[in-house]
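Below, each structure is written out as structure tokens.
Each of the next two complexes has subunit A plus one other chain: subunit B in the first, subunit C in the second.
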Partner chain A sequence: MSDLTAVKEEVRTWLQENWDDSLSLVEWRNRLADSGWGVPDWPRQWYGRDLPVAILPEIEEEFAEINAIGVARSGIRMLAAATILEHGSDMHKKEFLRRILTGEDTWCQLFSEPGSGSDLAGATTRADFDGENWIINGQKLWTTSAHHADYGLLLARTDWDVPKHQGLTYFILDMTQPGVDVHQVKQMNGHASFNQVFITDATIAPQHRVDEEGAGWRVAMTTLAHERRNADGMNRLNRDSGLPGAIYEEERKEVATVMEPYKWYPQRAGRVDLVMPRAQQTGRIEDAGIRQEIAKLLIMSKSAEWTARRARAAQEQGMPQGPEGSLGKLSASNVARQASRVHTLISGADALLTGSDGAMDGLIAEVLVSVPAVSIAGGTDEIQRNIISERVLGMEKEPRFDSGPFKDVPRNVI
Partner chain B sequence: MQFVFTEEQHQFREVVKRFLRDKSPTTEVRRLMETDDGFDPVVWKQLSEELALPSLIVPEKYGGAGFGFVELSIVMEEMGHSLLCAPYFSSVVLAANAILNAGTEEQKLDLLPQIASGSIRATLAVTESSGRWEATAVELAAKTDGDGFILQGEKCFVVDGHTADKIIVVARLEGSDGDSGISFFVVDGEAPGIKKTLLKTVDPTRKLARLEFDGVQAQPLGEPGAGLDALNKTLDQAAIALSNEMIGGTQYLMDSTVEYSKVRMQFGRVIGSFQAIKHKCADMLIQLELAKSAAYHAAAALDEGDENVPVLASMAKSAASDAYIQVAADSIQVHGGIGFTWDQDTHLWFKRAKSSEVFLGDPAYHRELMMQRWGEGI
Partner chain C sequence: MNFEFSQEQNLLREQALGFLKDYCSTKVVRNILDGEDSYDQELWTKVVEMGWTATVIPEEYDGLGMSYLELCVIAEELGRALAPLPFSSSVYLATEALLAAGSKEQKEEWLPKLASGSVIGCLAAGEGTGQVTPKSLTTSADASGLTGSKLPVADGDVADFAVVIAACDSGDGASAYLVDLNQSSVSRQKVDTIDPSRSHAKIDFTGASAQLLGKEGEGWALLNNIYDRAAVLFAWEQVGGSETALEMAKEYAMGRFAFGRPIATYQAIKHKLANMYVKNTLTKSNCYYGAWALSTNAAELPIAAATARVGAIQAYYFASKENIQTHGGMGFTWEFDCQFPYRRSKLLSINIGSEPVWQEKLIKAIETSRAA
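The block that comes next holds the complex of A and B.
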């Protein structure tokens, strides 16, 4: 406890002496990187202070107290940092970490492909060594931020003669080179939040391979684990400070750019919060059939919330987590689908209209055409059910047809 | 709000679970469901004396153990899991709570110690042939008769009504209607003028009776005519307890289905390796866990005096009813033909799921109730 008080005291003093809102965002963040207070849980050697993760909120509080800005945390860059810290060489750390923290470099994640969605390890983007460099050819898909990224975390196949998980290697790809061609993908809801990346004879220097050749799957798992962890903190870190001044304006722009692709995400979750107000405003609350559907939704949504709280409470008390911890993703899909049904019922014929003609200036229509994403993105409902039945209920896997050398595995032709 | 059980509650659950696994195997369930009384007095005695379960929620000053609804819910969940055939729901959940909610101090001091010790078994008679568990549906009339009252009318769907020593009857003062005039009475099970008929139930593990009252002399429980709040509260408490019983049964069905799917071979592999089966089981789990959260939450809310208990009770009842009957139907489906036989046990829980779905009002009724009661801060 006294340790914590001392740490808080130390950071407070440092901030008082160093926080200067007349600096540029990058200047300030370089100062943070030098001090170790930007990422106190990182190693001292690499811009941190070797402090436990648990006290980060306390340190963030000190920042918030005087409205000091933190290091760049939004977007894929923190996944890149976590992966490099765990699997990268010292050279990688030296080359990339500082500019991640200052926000000068933007990163993206080149994992999914047109031919490998749920089956991520089935990637067919190839990396061939020509004696000097790795030559990359293939296509990646669903790549958020690729259109303005400086670097990409790339999963590519380097060995086609071994089983699929063993033939992948993890690379850092310079996205600004000529062989990398980025196109936005327009979605059914009209937004274009993701990109397709065509990679043609792009090159990667040998030193930009991360970890061993063939270790790509293991490294990718680290990235994905951090992705799941980060999802929780997203809202907190991307709050708009609302403060005047150049440095805040710079931060605001950075966050706005990163968050742009996610602006319809509340709608894809179904906007349960709008159901009762809409039912009341439209008078549909009087309809007995609709009341039943609203009640089903509210029960489902509340129970899912309580289930998550049971899981969290067990975790906080150091008790073994029961199955309740694995159900969030699938529950969210069920809730979103029912919410979409209910919004349709409440809107009646207005559900035919969108944009300025639609209910709530098109917001409800956006719910109706965004909800189908929830049960696909980040692991489909079907994959979730496999995970639940196999890992929680201990049921057997389906027989597989992809365990031999990857070159013999039937796959999509693209 | 409590979101995890304490270490003591976990230990308590283990004790109850061990007792019930031992005393209520399906061979016993099958034996007792064929009897008219529907319970084993020896097991009732052991349950009362060794574990003191009937005393659980009775406050200490009335001879009870003074625990809360979270503990009661643990007992209910385990009883639902074991499909225990015993008058616990009728005597403890329904009657003891009705007395606590409606009775005078003197009546509590008189009746509750007897229920807490298990020496008498009581029940609560609310519903009539209309099948509605609500005040406005009560027609049975209480007429003044000199200094006392006599009851005239009929009650139906009374749990263990044919075997209870004491019957708490909800009646209305003669000439009243709607919400007004609701009154509780205590009647001796053997009082002259009561005709008790055991009903033929789909679920033979929970006995129901029709009770006809023809000029039966009755003691008011609490103030005659002022019973509305006590009735509503008792019904909410009963719904919460029943929800917890239901999730225990749902858990049993899911577990037994998953286990069966791991050993049953077809097409050269266990059926539990087919995604068609695995996904059904994953959906069972999600329904179960969500219903569990609603049921636990409602019980904790009761103990913490949360003002939203009425909403939470209806949410829990609706969620548990839907989960139980869906999982029961899916359980039979996964078992295939054998699941439709009398000798395989699944139908015992299926029938309990059906009776629990309807008892105290079906899920649609509770959803409507929930909408009427919905407020901010839930």
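The block that comes next holds the complex of A and C.
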């Protein structure tokens, strides 16, 4: 532990000497990048200090102690950085990493398509090399933050004669060029958190290919693994400091932009926290039937909570990662559905009213029209059940019809 | 809080698993289901020799003085093996009642015998149709002894003594009594139930000699306390049984062919089994929570017990019915073993209060803790 004490001492001293709230956000973060204290778990050569991930919370504590701001961790940025660190060339690292950390560039992820959701490897956006550049044509969907992104992590097909996973290549797409058109997609709950991206003859320079031609699926798996890992930390890192001063104001704007698409997510999860208070305020807690339904919900929600804690404890003890992700997703779907049911039972006819007429200014109605997303986003319930039955229970895959050359595989017409 | 058992506890599990594989195959369960015996006496003798009945009894009463976590491990394995034994009545209910409310003399009289397995205890609370409440109790005691009928009493036909819950016009409306069942004013009759691998009886008391257990008018609180503790142990049995049902379904699905391929390759079957796995795993987390609350006498025990109990009831019923469904027509035959977990799941879903009862307990416990 003496190592840890030394590290904490070192970062504390560095912060005392360098933290300066009169700097601009970018100026300060450039200092962080130069010192390696912004991302201490990254390699020394690339803005880090080669320190183990496990001590990051201790370092974050030192930052919090004096209200020092960290690097721009929010959104897809960190997924881009993790992918570039693992698969990118030195040139990519030099060109992109610093501006990711300073927050000057924002990123988005161009994986899903109108024709391929669960079947992500069935992407049909094409990249053809014209002798000078890659020419991109196709459509991407469910792209969070595409409307203000500078760069996109793109999965595109470069070879149609090999099986589908082998014909994909990973690129970095400049989103600000002509030929990239972004349209917001309005959801059934009225929010528009995602985008559809139409790509017509957009170009990518050869050096902006990531890893080998045909290695796209493997690289995309790195991005997705980090997506799952980051989900937990998102809310913790993206909170408003509430402090006065120009640099905090800049940070506040950044957080607000990043978090905007997620503002209905608590409602999507069912707002279990509001169930008992609502039942008690409305007096519906006296209804025996409603008590039973609330109990069912709270038991589901408790089990999900304890299962997540059990998984975390197992990981802290160094046990290999199990099917926690799938378990967590499936239980979250059930909790959300039961919660929206219980909210309706408690609110009665009020649950129909939206906006300021509705229960809690329409919040309860928003729960009802938001929960269907939980069992679809981030891997549908059906995909999760396949994962559990195949990887945990060892049951064989269903016979499939997409193992030959991709050009012969039946697919959706877009 | 621990979410896994310790190395020693897992060693105990290995030992229990191996032992029950040798001595408690489904053939043993079937013998009790088909035969006249109330439980497997050879298995019981061996379980007693292993010291399982003595697990949590303090050393001063000839017990092993181990923690409830060890007992949870044993419960899970007995549940997994669907053991046809009076273990739960004697250990989770009668022993717990004595530990919770017994006088020094009562403990000295009964606990060493419970530990050594020379006596079997049981709990007699219910009186036929409907949920028993202090108001519904008709069994009562006066100077001439204890009078009334109890039905169904798990292991009532083979037990040596019973903890009887009787009406009382003071306090919480009930008192608990220790009653020696081997006396002339007690008559018992074995009854048929949905799970013939676990015996039940109707017991009639006609002025039976009875000894007050705990204080007069505190019997209802005692019963609830015993139920909260037993709920956690039963939940572990239920989780063990749920895993057996899933294991049976998986093994069958992988070996059974339809339309030219194993039925285990159909998503309709895979998703069914994935759902079983999810319910089992979520319930197990609640059981760990319950085990922690039980072993540390935590204030959260009522909430933890209700959560574990309801989850376990649902998971076991789901797994056992879907196991039958996965087996198709053969699953419905007497010859196949699918009936065992199904019957047991039903029995354990009712024995110490059904889902609605425990769901109501949960809400009440949360209301109390929020008000505090």
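One rule holds for everything that comes next: the second predicted complex is superposed on the first by the 405 of 414 C-alpha atoms of A that agree within 3 Å, B and C clash if a C-alpha of one lies under 4 Å from a C-alpha of the other, contacts with A are read in each partner's own complex, and residues count from 1 in each chain.
Please note the rule applied: a residue touches a chain if its C-beta (ideal position, glycine included) is under 8 Å from a C-beta of that chain, and two chains touch if they have at least 3 such contacts.
Predicted model, so just to flag it, every value in this text is computed and none were measured.
Asks: Looking at the superposed three-chain arrangement on subunit A, would you call subunit B and subunit C a clash or a fit?
Replies: clash
Asks: Return first, second, both or neither, reflecting whether A:A304 touches subunit B, subunit C, both chains, or no partner chain.
Replies: both
Asks: Looking at the overlay, does A:G131 come into contact with subunit B only (first), subunit C only (second), both, or neither?
Replies: A:G131 sits against neither subunit B nor subunit C.
Asks: So in the superposed three-chain picture, is A:L327 touching just subunit B, just subunit C, both, or none of them (first/second/both/neither)?
Replies: both
Asks: For A:G318, using the defined touch cut-off, is the partner it touches subunit B, subunit C, both, or neither? Pick first, second, both or neither.
Replies: It touches nothing on subunit B or subunit C.
Asks: Same subunit A residues contacting subunit B and subunit C, which ones?
Replies: The overlap between the subunit B and subunit C interfaces on subunit A comprises residues 276, 288, 291-292, 294-296, 298-300, 302-304, 306-307, 309-310, 313-314, 317, 327, 330-331, 382, 384-386, 388-390, 392-399.
Asks: Once bound in the complex, which stretches of subunit A touch subunit B?
Replies: Against subunit B, subunit A makes touches at 276, 288, 291-292, 294-296, 298-300, 302-304, 306-307, 309-310, 312-314, 317, 319, 322-324, 327, 330-331, 334, 382, 384-386, 388-390, 392-399.
Asks: Please name which positions on subunit A make contact with subunit C in the complex.
Replies: Against subunit C, subunit A makes touches at 276, 280, 285, 288, 291-292, 294-296, 298-300, 302-304, 306-307, 309-310, 313-314, 317, 327, 330-331, 382, 384-386, 388-390, 392-399.
Asks: Would you pull the subunit C residues touching subunit A in the complex into a rising list?
Replies: Subunit C residues touching subunit A: 2-4, 250, 253-254, 261-262, 264-267, 269-271, 273-275, 277-278, 281-283, 285-286, 288-289, 306-307, 310-311, 356, 358-360, 362-363, 366-367, 370.
Asks: Quick check on the complex: what are the subunit B residues that touch subunit A?
Replies: 3-4, 258, 261-262, 269-270, 272-275, 277-279, 281-283, 285-286, 289-294, 296-297, 315, 318-319, 364, 367-368, 370-371, 374, 378
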